[in-house]
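Same chain, two partners: subunit A is paired with subunit B first, then with subunit C.
The block that comes next holds the complex of A and B.
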């Protein structure tokens, strides 16, 4: 009886959020689902188009490719930052915290334009390299897939640091001491003991980053310069620029189902609490 | 095969610790400690928590560097040799098994580090699995094993590469009483079979006495006494050792006189004769006698015995033995432990004689 009252009270605490999610996401999304089956006419026509339209296909493939590359780049960088954050000296820890938290405080738009200022043809990097005589023609760093990957990687690193650092923190120090005592070198301990013990965090981080990346809109729109459109931008273009609401809606539904499947997969590997750290 | 070694002739090492000191900030964890660890012996470091015994073990292992002093192994100075190059076996508190590796892979780890051939690794791991009784569990992860089985994996992993020294840090503290006794016998057997030098840390005095060839007693960062279990139990050099190793009755003595091998002093109106195991600076001293060395009777035992009169205040039944709580005429409380089977119950509030053989009592400085 007592347990039941506490549970219902807890649900009461969650109620505003559930109500908001229902009104702001679930109900409108049901509308989007309806569009995908009814616009311009009732039927599966938009899903058939989605399967055959070469433009949609190429956008989906590009999105998957960018997301995979970004996920790999984020995991490597975030692993290094998390390592310093968890096991570094106090100064190193502070630096790592700075690297993790500052991006959080700056809006995604500001950061995308910041990267544009760095990477564009007349941006900082190209101007420096040209004035130093390293290159004669500017490198194509922005307004293409590379720019999108750089911007997205930078944005997503903090989200991967937390689950990885959480996994690193839960390693029993004595296990590492034991490996040392048995004569293992530091490199060997890192690769055969330390890294395998953080696999859970790595899987969680990979899924979070990948799922986030799938829905990216602002960064690819700015740093891709319209030349490397990703799925979210395609939805925007279909709905706001060409009045093709049905196809935009069908793409949205497929994206949401795909992300839902990934999240379900994530739950099998890792407890949500571990992701926060 | 020169490198294949039969159990029993392992290359046990001897270690000399010379004036080892360790400070953490202003805290002196170890004070000027010198100790010789003999080849192939089973030495237990015993003391309460914070006594410095674990710090000393970590210094032996090479995980902690001493602030002062030297460590010498087989005549070679190893003070600055890092842990990974000392190659000692170590069993940690909580076992510290690799949670992502199976039993087999855990035991194989130190062999793989040493670059042994896979056939050699397979054979050694198989031998070790058999020796610690883990057949059938080779493919399991540590989380699937019971506490005792995890303990066996930790022992196997620490011994499989035939280390010259095995260090054990409170390995049984997480086990229940029966399992603990079983594992104690197991460790004792492994010590006899391997012939390796064992250094064992515990805060459990009965464990220390049961296992060791010698016991080193620590308190407040100092080494108080080292000796065979029987010596430190029956001839403690000071009150801390006497009281830490087991319950003891202390009788304050007046006018102690030393006569060659024995000492005599007055307790109430009786003369107490004791072994003179220590040199006494002052005249103040106490007679110390273990409860199981005393016995209760209706009349005083006089042949080579001391006897005092007491009143019985109560009794506690422990199964194999019964402990009587008594008080002397001047108010000193005493405990006497007697085998339950060989005594008839003694009524509370009766006046009795408590006696003990002269050679079982010893002299300790008062208050120190």
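The block that comes next holds the complex of A and C.
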């Protein structure tokens, strides 16, 4: 009897979310998978197109390139500010926290338009540089790949700070004291003791940033100005503008499989708790 | 622990990062006072026309209300479902816990555009 009530309670608590995701997510996704094989005709045609279409290929390559650059930029910048957030004086910690959390809470759209206001031809940076006489023609900072990289790096820094800071916080202070006691310089302690102890957080951060970056849509659409289309925007264009649902579905399936493989490969490095911080 | 306080190099880098993080958010403010119709820095004159439009044009008010309604409803449903699930995992620690947690985190890693297309399906 008791076993029965526990089972029923367990189902009562766990089932709603699982059921919701199953019905609202997994089942329709299987439908998308089916589209990729049936639209416009049954067969592997869309996957063949995906392998050979030079436009799709160039978008895939651009997406990978942007994601790698953004991941590297995010890791370095996030590490610096995470360090101050975790180990700074109380004022430094407060300031760092403010600079991490405020952008984090603000919508991706606002942040992209903020960057457009900074980087566009009539934007802040070009206006300043022109009025200071440094340049005569505006620099091409937005509506290209550079703008996309800047905007995405900005968006993703907080997501990397959380796992990195969590790894920094779990470092045993005594290890650093021991290194100091044996005469290591501050620089040496940082590079040979502190940083290696945070590799777990760094790998988790790299993974989450890379995976998020792969699916980016709003920032590339606004800051790329249609000239540096990334894969998510390509899916959107295929579905909503040039009705080519089959190819859009096939790209989606490949994207999800790629992310799944990446996560499976890195599984032993990821602790879900670490990812959110 | 004084010896592990951030040194000058990391403080300089972190300050640059902090400015980088705040810059676009601050840039939005002067742009909102531009007299021009397009996204630009106000040059010379400031204007409240965009704020006026925000009040005058009913489309803005309606869409703000719609956003609020969707935000409140979806966060209420999401919090309820996730709290129950979290409690269930914590209380009973079922077999395949890790698998179940991985499953519910799926929407986090699936690109939003794929999720959107998925919801278009029915």
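Note that in this section the second predicted complex is superposed on the first by the 264 of 277 C-alpha atoms of A that agree within 3 Å, B and C clash if a C-alpha of one lies under 4 Å from a C-alpha of the other, contacts with A are read in each partner's own complex, and residues count from 1 in each chain.
One rule holds for everything that comes next: a contact is a pair of C-beta atoms (placed from the backbone, for glycine too) under 8 Å apart; a residue touches a chain by one contact, two chains touch by 3 or more.
Because the structure is a prediction, the values reported are computed rather than measured.
*Asks:* By the touch definition at the top of the document, which applies to A:268: first (subunit B), second (subunit C), both, or neither?
*Replies:* neither
*Asks:* After lining up the shared chain so the two structures overlap, which partner does A:193 touch, if you call subunit B first and subunit C second: first, second, both or neither?
*Replies:* A:193 sits against subunit B, while subunit C stays out of touch.
*Asks:* Which of the two partners, first being subunit B and second being subunit C, lies in contact with A:118: first, second, both, or neither?
*Replies:* Only subunit C; A:118 stays clear of subunit B.
*Asks:* Just to be sure I read the superposition right, which of the two partners does A:214 touch: subunit B = first, subunit C = second, or both, or neither?
*Replies:* Second partner only.
*Asks:* Once the structures are superposed on A, label A:185 by its partner contacts, choosing first (subunit B), second (subunit C), both or neither.
*Replies:* first
*Asks:* Identify which of subunit B and subunit C touches the larger number of residues of subunit A.
*Replies:* With both complexes superposed on chain A, more residues of subunit A are touched by C.
*Asks:* Both subunit B and subunit C contact which residues of subunit A?
*Replies:* Residues 177, 180 of subunit A touch both subunit B and subunit C.
*Asks:* Spell out the part of subunit A that touches subunit B in their complex, as residue ranges.
*Replies:* Subunit A residues touching subunit B: 172, 174-175, 177-185, 188, 192-193, 196-197, 199.
*Asks:* Within their complex, state which residues of subunit B touch subunit A.
*Replies:* Its residues touching subunit A are 61-63, 83-90, 92-94, 96-100, 109-110, 113-114, 157, 161.
*Asks:* Please give the residue numbers of subunit C that touch subunit A in the complex, ascending.
*Replies:* Counting only subunit C, the residues touching subunit A are 1, 3-7, 10-11, 13-14, 17-18, 20-28, 30-31, 38-41, 43, 81-82, 84-85, 87-89, 91-92, 94, 100-107, 109-115, 117-122.
*Asks:* For the complex, give me every residue of subunit A touching subunit C.
*Replies:* 6, 9-10, 12-14, 16-18, 20-21, 24-25, 28-29, 31-32, 35, 77-78, 80-81, 83-84, 87-89, 92, 95-96, 99-100, 102-103, 106, 110-111, 113-118, 120, 122-124, 127, 154, 157, 173, 176-177, 180, 186-187, 189-190, 194, 211-212, 214-217, 231-233, 235-236, 239, 248-249, 252, 255-256, 259, 263, 272
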